[in-house]
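Across the two complexes that follow, chain A remains constant while its partner is chain B and subsequently chain C.
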Partner chain A sequence: MTNVKSLWLHAAVILLLFALNFLLPEYHRGIFSRVMVLAVFAMGYNLAFGYTGLLSLGHAMFFAAGLYGAGLTIYHLGWSVWPALGAGLLAGTLLALVVGFLALRTTGVAFMIVTLMFAQVFYLTTLYFTTYTRGEEGLVLPQAMRSLALPGASFSLTDPATRYMAALALLTIVLGLVLILVRSPYGRALIAIRENEERMRMLGYDVFANKLASVVISGLICAAAGAAYAVLFGYVGSGFASIQYSILPLLWVLLGGAATTLGPLIGTLFMFYIIDTASDYTTAYLLVVGLALILLILYFPKGIAGTVRERWLPWLP
Partner chain B sequence: MATALKLDRIDCFYGDVQILRGLSLELYEGEVHCLLGRNGAGKTTALKAVMGILPVRAGSILKGEMALSRLAAHEVPKAGVAYVPQGRRLFAELTVAENLEIGLMARNKGEATREHVLSLFPILRERLRQRSGTLSGGEQQMLAMARALCLEPDVLLLDEPTEGLMPSMIARIRETVSALREHGVSTILVEQRVDAVLPVADRVSFIENGQNRETVDVARLREDPEMVHRYVGVG
Partner chain C sequence: MAFGPYLLLATLEGLVTAAVLALMALGLSLVFGVMRVVNVAHGEFYMLGAVLAWWFASLVSGHPAIGFLLALILSPLVVAAIAFLAERLVLSRLNYEPEATIVATIGLLYILQQLALTFYGPEARPVQAPFDMRISLPWFGYSAYKLAVIVASILMMLATWFALTRTKIGLVMRATQYDRETAQAFGIPVGRVYAGVFALGAALAAVAAVLIVPIQQAHYLMGLDPLLLSFIVVIIGGLGSLRGTVVAAILIGLSDGIISMFFSPTLAKMLTTLLVALVLVFRPQGLFGTVAR
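Here is the complex of A and B:
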């Protein structure tokens, strides 16, 4: 019964987002497209942080690996969208495998610092090879290259409606994947590792292997968001590899609710709109954002979805 | 009598501090073997050494032909040794059913094992959907034992399972340990309270300063209560 309720809720969210494509004005449709892609980034982060308890400060590198993997192959090699997306996914997954393998030898604060250092190395690498990346200035992908070929049809991803639907398709796939994953025995094992790592080892679990798998899947999802961002919005720049983009998903997840499937989407949407709305009225919009965050922490200490689950809907995954 | 587990002159350290000093112990198949001793004597450390949580610097721990002391910590449970630590250490956010599932998955056990375990702890069947953090102390202890039994171990290590429990729960835990003996499970039971041990143990080892001073049958212990006073300090 719980599973059925949860499935209906997720289906309703996807249907609502689908309907908004036809209802939202152009400006807000653009924001929603961006939010959905970045929410996928946050969902990837949530798997490592929320479910497995790995507080990483370097997830920007996985997003940026997907971004550059797709962007550079389109820009320099003239690849079409599908192989470029594949390159982005591969880059992010391999990077997560290597970084995870090394960083997971540490825990706690040391893990935060090690992931931060790896991300900084990645960021500086994008600045070092400016011949190919053009550093902070970045690359703008040619519009003609950003067309998505499907059997019998081709769609330009520069069209706002197509872009929205592509972002929604990605969100739907990843949300479904995360939902299946966290409801599976493996998902429960990740939660148990977060709760008590040593106990899991005493029960015969290879904690390192499970955590590594979590980091790799998390990296894959973040890279998918990065690769999608490159082809949907046509811009690839070093800023996406900076520390700011490692902190943002943490903030989105904390706001929306760590270890909840819908929390990352809610948190990302909330942050985008509070900044957007506040900046319409004042240049000191960060003050308003800060105040809103304080109120949120006071009344929703476990994030929006986390607190809703705790107080009203215990079946919320 | 065949040996289920043998600790042969093991040394263990916390940092530079030596806790176990050539500790030897033999657990027979199907027996309940109790470790008694004062706080800090090394009882819990001995269990941690068996589980591979603490490295063994000298000596060996054997289960049959298998040297447990050479295995990684996560491989020891796969060798058929389960551990219920002091303080239960449940996954508080998970339900009772999910806690059991974690135990079952560890050794790919299925429904039959789950049913067997629930038959030993019928109260848990009524709590399957309850978050384990909300159970009473006694129920948490039962769940911790149940989860360990989901591994279908032939050697069970229990660290002060009766600590802080009311008498009816202590009796229930004792009954379960006896029932497990009937199923051929060999148990090492760490306890501080002699009265909790006597009704269920077959033999008792007195641990002092990281060494096994003496191992005796429970019958002899009943005849010579002074022995307990000598090693544990209470009667």
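Here is the complex of A and C:
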């Protein structure tokens, strides 16, 4: 019963987003496309932070690995979109495997600092190879190269409607994947590790392997978001590897609700519109981010979807 | 210039970096040691110290030493007061949970950075050194103020060490660090001790910043690099070990000065950060720390 309900809810969300493509004014459709891609980033982060309890401060490196994996192969090697996306996914997954393997030897505070430092090394690397990456200034991918070949037709990703649909397709796939994952025995094991790692070890689970798999899948999803961002919006720069982009998914997930499937989407959307509204009145949008973080953690630690689940809809996954 | 004097210059520059870094890392280490809080906003307290130093120094005219001394006294006090308030209003309500406090201090980081940008602006501004003297060595002249920074930093660290090990306040702090609940049972106001330690940590960062502004300029984004370097120092020295922190600060400051004189600074930063991350992975207690109880 609850399975059916949650499936309907998720299908309804996707349908609503599909309908919005035709209803939204141009400006807001652009924001929604961007939000959907970044929400995928937040979903990947949520898998590690929300479900497995691994507070990483370095997820920007997985997003940026996808971004650069796709962007550099298009820009320098002239690859078409599909293989470039594959390169982005591969880069993010391999990076997550290596970083996870090293960083998961530590726990708690040390884990946060280690991930922060690995991400900083990645960021400095993008600056160091500035001949290829053009550092902070970044690369703009030529419009002609950003066309997606599907059987029968080829779509230009620079067209707003196509871009919206591509972002929605990615969101649908990842949302489905996360939904299946967290309801599977493996997802339950991750939540149990978050709640009590020692007990899981006593029960005979290989905690390290489970956590490593969680980091790798999380890195893969974040890289998918990064690679999609590169081909959809055509810009690749070191800014996306900076610490700020490790903090933002944390903020989105906290706002939307950690360990909920729809939370990251809600959080990303809300934060975008809070900043958008605030920037009409003031240029000090970082102040809004800072205040939001503090107020959330003080008064609203479960986030929007988390609170809804606690109060009204206990079946919400 | 021959290689020898060149190395001497690099060493002197490294020692100045080390002196400032040690003060800042000492603050971070104190806060972590006593409260088990990783203060991500520590770099912003440093930045705030520098920006306030410029503001105080610009208030008075006359000899630059007057402005500098005013900044040296007032800037750490103001920063400490802000840190005290932040601790009482936010951190204490989170029960010092490590993850929640990290998120909250990240929030604080953004707020302080944005306030500095709004009220101080994006420019970098210098504070005039209190005295302008050059000590002439056989190969090059060296600013006497930079040497004074090293001396001042050593004095500050000795004072902190004395306060921690020889006074009642230090005893109370160490008792809280050792066992929070027992300390509370013995009537130590743990909450106030925590707030005091947080303010003291921020004040140390601010002192470091006031000392550095005559050499580097005050800028609203200046906090990040020293924050990462202090993390590195505190980790290499062993989390919570004060002696380790000082030794590590000298090590990192010197190698930073020497490496960045001979190699590209980005490459140097990349390698040190990677090295430290690996130290933390394979030797979590740091190079000088002992295994936790």
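The criterion applied here is as follows: the second predicted complex is superposed on the first by the 298 of 317 C-alpha atoms of A that agree within 3 Å, B and C clash if a C-alpha of one lies under 4 Å from a C-alpha of the other, contacts with A are read in each partner's own complex, and residues count from 1 in each chain.
The rule is short, and it goes like this: contacts are C-beta pairs under 8 Å (C-beta built on N, C-alpha and C of every residue); 3 or more make two chains touch, one makes a residue touch a chain.
Bear in mind the structure is a predicted one, so any value in this text is a computation, not a measurement.
In the superposition on chain A, contact is made by A:Leu203 with chain B only, not with chain C. Once the two complexes are overlaid on the shared chain, A:Val98 sits clear of chain B and of chain C alike.
Of the two partner chains placed by superposition, only chain B is touched by A:Pro185; chain C is not.
Touch criterion not met for A:Ala11: it reaches neither chain B nor chain C. With both complexes superposed, C is the one of chain B and chain C in contact with more chain A residues.
Judged by the touch definition given at the top, the superposed model places A:Glu195 against chain B, while chain C stays out of reach. Once the two complexes are overlaid on chain A, none of the chain A residues touched by chain B in the first is touched by chain C in the second.
Note for the complex: chain C touches chain A at residues 36, 38, 90, 93-94, 98-100, 102-104, 106-115, 117-118, 224, 228, 231, 235, 264, 266-267, 269-270, 273-274, 276-278, 280-282, 284. The touching residues of chain A, counted against chain B in their complex, run 185, 188-189, 191-192, 195-196, 198-207. Of all the residues in chain B, the ones that touch chain A in their complex are 51, 53, 73-78, 82-83, 85, 89, 91-94, 98, 101-103, 105-107, 147-148, 151. On chain A, the positions that touch chain C within their shared complex are 55, 57, 102-103, 105-106, 108-110, 112-114, 116-118, 120-121, 124-125, 127-128, 243, 247, 250, 254, 284-287, 289-294, 296-298, 301.
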